[in-house]
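There are two complexes below, and they share chain A, which is joined by chain B in the first and by chain C in the second.
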Partner chain A sequence: MTTSVTVEKKPKTKMVKIYIMGREYLVPEGLTILKAMEYAGYRLIRGVGCRAGFCGACSTVYRLKGDYRLYTALACQTTVQDGMYLVQLPFVPAKKPTYDIEKLTPDLSSVLKYFPEITRCVQCNTCTKVCPQEIQVMDAIQAILRGDLATAAHLTFDCIACGICSMRCPAEIVHYHVFQLVRRLYGKYIAKPSKHLRERIKEIEEGKFREELDRLVMAGVEEWKKLYAAREIEP
Partner chain B sequence: MKLLYFPGCSLKNYAQRYEKSALAVAKRFDIELVELKRWNCCGVVYSLASDSVFHHIAAVRNLIRAQEQMHETGNEKLVTLCSMCYQVLASVNHRLARDPEALETLNRFMDEEEDYLGTIEVLHFLQVLRDYIGFHKIKESLERKLENIRVAPYYGCMLVRPKEVAIDDPEDPSLLETLIASVGAKPIEYPFRTDCCGSYNVVANKDIVKIRVLRIIKPLLRNSADLIISVCPLCTFNLEYGMKLASRELYGKSIPVLYFTELLAYALGLDYALDKNVLATLNKLYEGGEK
Partner chain C sequence: MSEYPGYPEEFWESIEKVEETRERRLKETFRRLTPEEKEELLEKWHPDYRPEGKRPLRVGPNKGDYVPNEVADLLEAHALIDPKEIDLTDIDYDVDILVIGGGGAGAVATLWANYSGVPAENILIATKLRLGDANTKMAQGGIQAADRPEDSPVIHFIDIIGGGHFANKPELVRALAEDAPLIIKWHEELGLMYDKDEEGNFIEIHGGGTSKKRMHAAKDYTGLEIMRNLMDEIWNKEIPVLEFSPAVELLMDENGQVAGAILYNLETKQYYVVRAKAVVLATGGFGRLHIQRFPTTNHYGATMDGVVMAYRIGAHLRDLDATQYHPTGAAFPEQIVGQLVTEKVRGLGAQLVNVDGEQFIYPLEPRDVVASAIIRECYGRNKGVITPTGMRGVWLDSPMIELIHGEGTIKRYLAAMYRQFKRFNIDITKEPILVFPTLHYMNGGVEINVYAQALDPNGNPIPGLFACGEVTGGVHGKNRLMGNSLLDVNVFGRRAGISAAKHIKHAKVGKLTLKHVEKWERMLKEAGIVTDKKAPMLLPDYRGERVLSRAIDIRF
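What follows is the complex of A and B.
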């Protein structure tokens, strides 16, 4: 008598063909661009960060077979497709001026002092087209140019400073640094001060959380692991 | 009646008085100017290059914004106040209506927007006064008759040239004179009312503005003009600034420059829409005139 053993066959992973810097690779379907590059053997040191779509470090550009468009995305948030041409951008070089927010006034002149190049905007809207956060980037620059910093601050609230807009801008504007200045000016001078923040700062200064923090510092690795596993996670 | 309204950057910045007074005048005659929900700079200068359409993008995008929103007003009209905005939007519109190839190139480039169909009609607020309100209606609605105030109309170049988009006769316009007369004031005749104020040269070559303004202002001093009315934020800025630059040549004299909408708002008794200093200037002239 023979005994038959049924071996459950693992379903074969479907592979897709991608091109990294011109070279062909087969990678499993469903990987993000970031993971696909690592699967192909790349070790990413820069151009990668939180892997959760928040830090803006893994901006990437790609093309698809038979499509003229240059697509942009965050490599940690986009899955590979068959026939993708990829390259990972390690960094966006950008001028980052130093300023003293205490000495600035919340108006256009403050922004132009550090970023006069925003007046070169020709309103091609490329920045808006490429933004992975779907921000109305050009509208925000235009709002700044007419002195409406509040609108610009609200429009750019979701900016993660990935820098793709700045790389594609024909006017060479560094949008995300401009927006950061504008949001700082808005937060400090224009927005209504938030009451609960003031109260919380007072509580911190009065040492309300001191004891709890000290206890946590002294708890030790095992306790930290336990606490980390039991932490509350935002839904 | 509702009309879509494109403000332009200056009207949200240093020319806020122009917008405030214009909106009040429109409202007085039951016209609601509905500001575009999204808009960007008009492009400032109309590009005359015939082989490039890139510099029309800014204007076309605004025309598309108007197209997206025209269901709210039930018509295809888009009103501007700044005469430079008017000139750029109207000129681009005019060119694209006659150049379908350029329109197609632009529509293809702006693939994130709906196609521009070329049907928006760009108007200047002066046209709204003339064609939709009517000067007779203004005359009937006056709260103050501004008799004895001598007002110099200043057109600048953008509203009356080139003739394809001119809102009046490019050689001999009369819109502002009619407006001045309809509020009871006296329009002053002088030779340089459609001369250029020096425009953007104020940034790089202030002397040009000084020379232009001297030329425009001198005959007005001889004619003892009380006021100049302007249609454009940049003209207003240059006239005021040029008078300062040429203060010595003008023997320290200057003439207040107001927007035509401010004179109109004052005559209609819409004081709430007027800047404090403007109201004081007009009160002084009006009360002086009554004596």
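What follows is the complex of A and C.
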């Protein structure tokens, strides 16, 4: 049998030229920015995390040769291009106010208490343009300002807190911390609590399953096998 | 001729076959395998059953036990530090509880220690990268909890233990199933946004190996939603966190208790001495060891550091012979090979089909069974699709989801997956996904009891050492089910935090020592082990071959 996952044929690799903080390197085309930096010899400690687009550690800013635009990307989710001038943004100095979620109300005043600067939003939409998750960042800030926390919570759900928006914002808003508070207010106070869950917890606390679980723990392999084979599977 | 701009032309014929068979397959359910058929499939095709992939340990509490070669290499390695260079009389941090690891398990343990009365400033979290940089954040599909009236913790128990091939520690299984609803309630109170209907009922679906629908999800960012809320709470409570400072060795005291750790600042290269009355080990699993050269879904820091450190002070390990390969890692495009394609895609109805567009396995068999079936299809029956880099894969027919549940379902419930592939010009609402198994989870690890105390080979708790999450073994037996890992970090993180808080009330720490490291070096020598490997590994090294061949270390 073979379970090998090694490469069976190796096509000739074309190389592209990239510039890591201005210094030129030749790397194989088709690599992600992250893998290209490693190929070039960087053993990363900052600017690397989950390597799969979920953690926001590898925010990257780049320009392309001859192009005035400033682009942003997640290094682990973006393929290198010839003529990329790269720099990573491994850390965002951000204001993170502390609060007790138990003592807040789900409305605009709670958000403004900790993040009054959101009223400085000039609706330039730069935040939305730079978001690697394609979140409607500015719309979410505006929704909050209208008091519509539910809309903002849903609009920003896919935020991975990479912080690129916050580094470009002329109003100096730290969007991801604002949105975290808003989502918690929504999840805790606006979304309805589950009824079944509470009923089940009551049953557990009353010991409804205790005896059967006591018995199951002691039952042993043969009995477990029988019970497993006899499971009724919900369609 | 159809066009699929994200896929190379040599795939197109096969994709058309998948499309042709789709309508017919919508009405077809592939037969579930009998226990005997499963056993045969696993024995023949699961990577765990390749004898050349493992060897018996030559030293330590689990001497003689078979583990993957890559695990043995680290468990039989030298220490990173030389005890003679460490000044234990100069203590940098003196705390009640040291939590090693800033992922889900460590964060939950921290919060529950705090809820149990340990003040924030008496806790210290030490973590290798940033707080929250861990596999928890990457978990997509969901978290199990038996809270619907037609379900129960008893049924959940049976599913877990059957999925684990009846090798689990039953009392840990019970804790997992029985605590699950409490965890979800805690999450609701924190303000997590689980997928719900208008009435507040959770939207719950199947996972591989579940007999009832009990998968709670937050789109396909379930782990992210859990982790970022835990982080927010830790910041709100101002609990100290040392980032970029992994533990490299546990500390003992003269009375044989675990009493802290040596941390290493990855940036300044200095060490720190932490004295603690209790240590919670929450360092996660081993994906970055690339067992049998498999790609992995895991975080950059998943190098089983905690298992190595605990083994050296005499902790008993279990079930490390069983490695979980997630059936559906991305096999194309090359940039994201090995990254997770959540089981939720199958939970929502997508089938697995071969190069001819035909099913070959019921898509929601337990993970080890599905992974084996995919490997057989690609290498035993030659019915896989071969990629430009020579990998093989089968199709995960994601467009079925839109046909079953309506247009827009993928964007709504699989936003991360949709985005992941869209970045490479593949639209998973219209085109199938090419997948192959990928290294996903360390089923075994440090043995614990229901109080999350780490155990020695005789089953006695090691004083001062608690462990939770993927670093532990016993909860999932030989194979973990989807949705039980996010649950595990919460259930046993909570138990570890509560237990540690209780422990410190009467614990007294004596003189610190690293004698166990000296003893370990003697044991290696006596066992005749000759190696230049050092552990814990801390981070993998992916630098290019040319660079490594020319690298020199000049002191300046």
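The definition used in the following text is that the second predicted complex is superposed on the first by the 182 of 235 C-alpha atoms of A that agree within 3 Å, B and C clash if a C-alpha of one lies under 4 Å from a C-alpha of the other, contacts with A are read in each partner's own complex, and residues count from 1 in each chain.
Just so we're on the same page, contacts are C-beta pairs under 8 Å (C-beta built on N, C-alpha and C of every residue); 3 or more make two chains touch, one makes a residue touch a chain.
Owing to the predicted nature of the structure, the values given are computational and were not obtained by experimental measurement.
Asker: Applying the touch criterion given at the start, work out whether A:Q180 contacts chain B, chain C, both or neither, answering first, second, both or neither.
Answerer: A:Q180 sits against chain C, while chain B stays out of touch.
Asker: Name the contact category of A:D139: first (chain B only), second (chain C only), both, or neither.
Answerer: First partner only.
Asker: Tell me which partner A:G147 touches in the superposition: chain B (first), chain C (second), both or neither.
Answerer: first
Asker: Regarding the shared-chain residue A:M167, is it in contact with chain B (first), chain C (second), both, or neither?
Answerer: neither
Asker: So, A:V111: does it touch chain B (first), chain C (second), both, or neither?
Answerer: A:V111 contacts neither chain B nor chain C.
Asker: Return the chain, chain B or chain C, that is in touch with more residues of chain A.
Answerer: C
Asker: Using the superposition on chain A described above, determine whether A:Q123 touches chain B (first), chain C (second), both, or neither.
Answerer: Only chain B; A:Q123 stays clear of chain C.
Asker: With the touch criterion stated at the top, can you tell me which chain A residues are shared between the chain B interface and the chain C interface?
Answerer: In chain A, nothing is touched by chain B and also by chain C.
Asker: Which positions of chain A touch chain B when the two form their complex?
Answerer: 108, 121-125, 128-129, 136, 138-139, 142, 145-148
Asker: Which residues of chain A touch chain C in the complex?
Answerer: Its residues touching chain C are 1-11, 30-32, 35, 38-46, 48-55, 57, 77-79, 96, 98-101, 133-134, 153, 157-158, 160-161, 180-181, 183-189, 191-201, 204, 209, 212-213, 216-219, 221, 224-225, 227-229, 231-234.
Asker: If we count contacts the way the header does, which residues on chain B are in touch with chain A in the complex?
Answerer: 9, 12-13, 38-41, 43, 54-55, 57-58, 61, 109-110, 112-113
Asker: Given the complex with chain A, which residues does chain C contribute to the contact?
Answerer: 35, 44-45, 47, 50, 129-130, 132-133, 137-138, 145-150, 152-155, 157-159, 161-162, 166, 170-171, 173-174, 177-178, 181-182, 184-185, 188-194, 196, 198-202, 206, 211-213, 218-219, 221, 223-225, 228-229, 232, 235-238, 244, 266-267, 292-295, 297, 299-300, 334-336, 339-340, 375, 379-380, 386, 388-391, 415-416, 419-420, 423-424, 436, 539, 541-544, 547, 551
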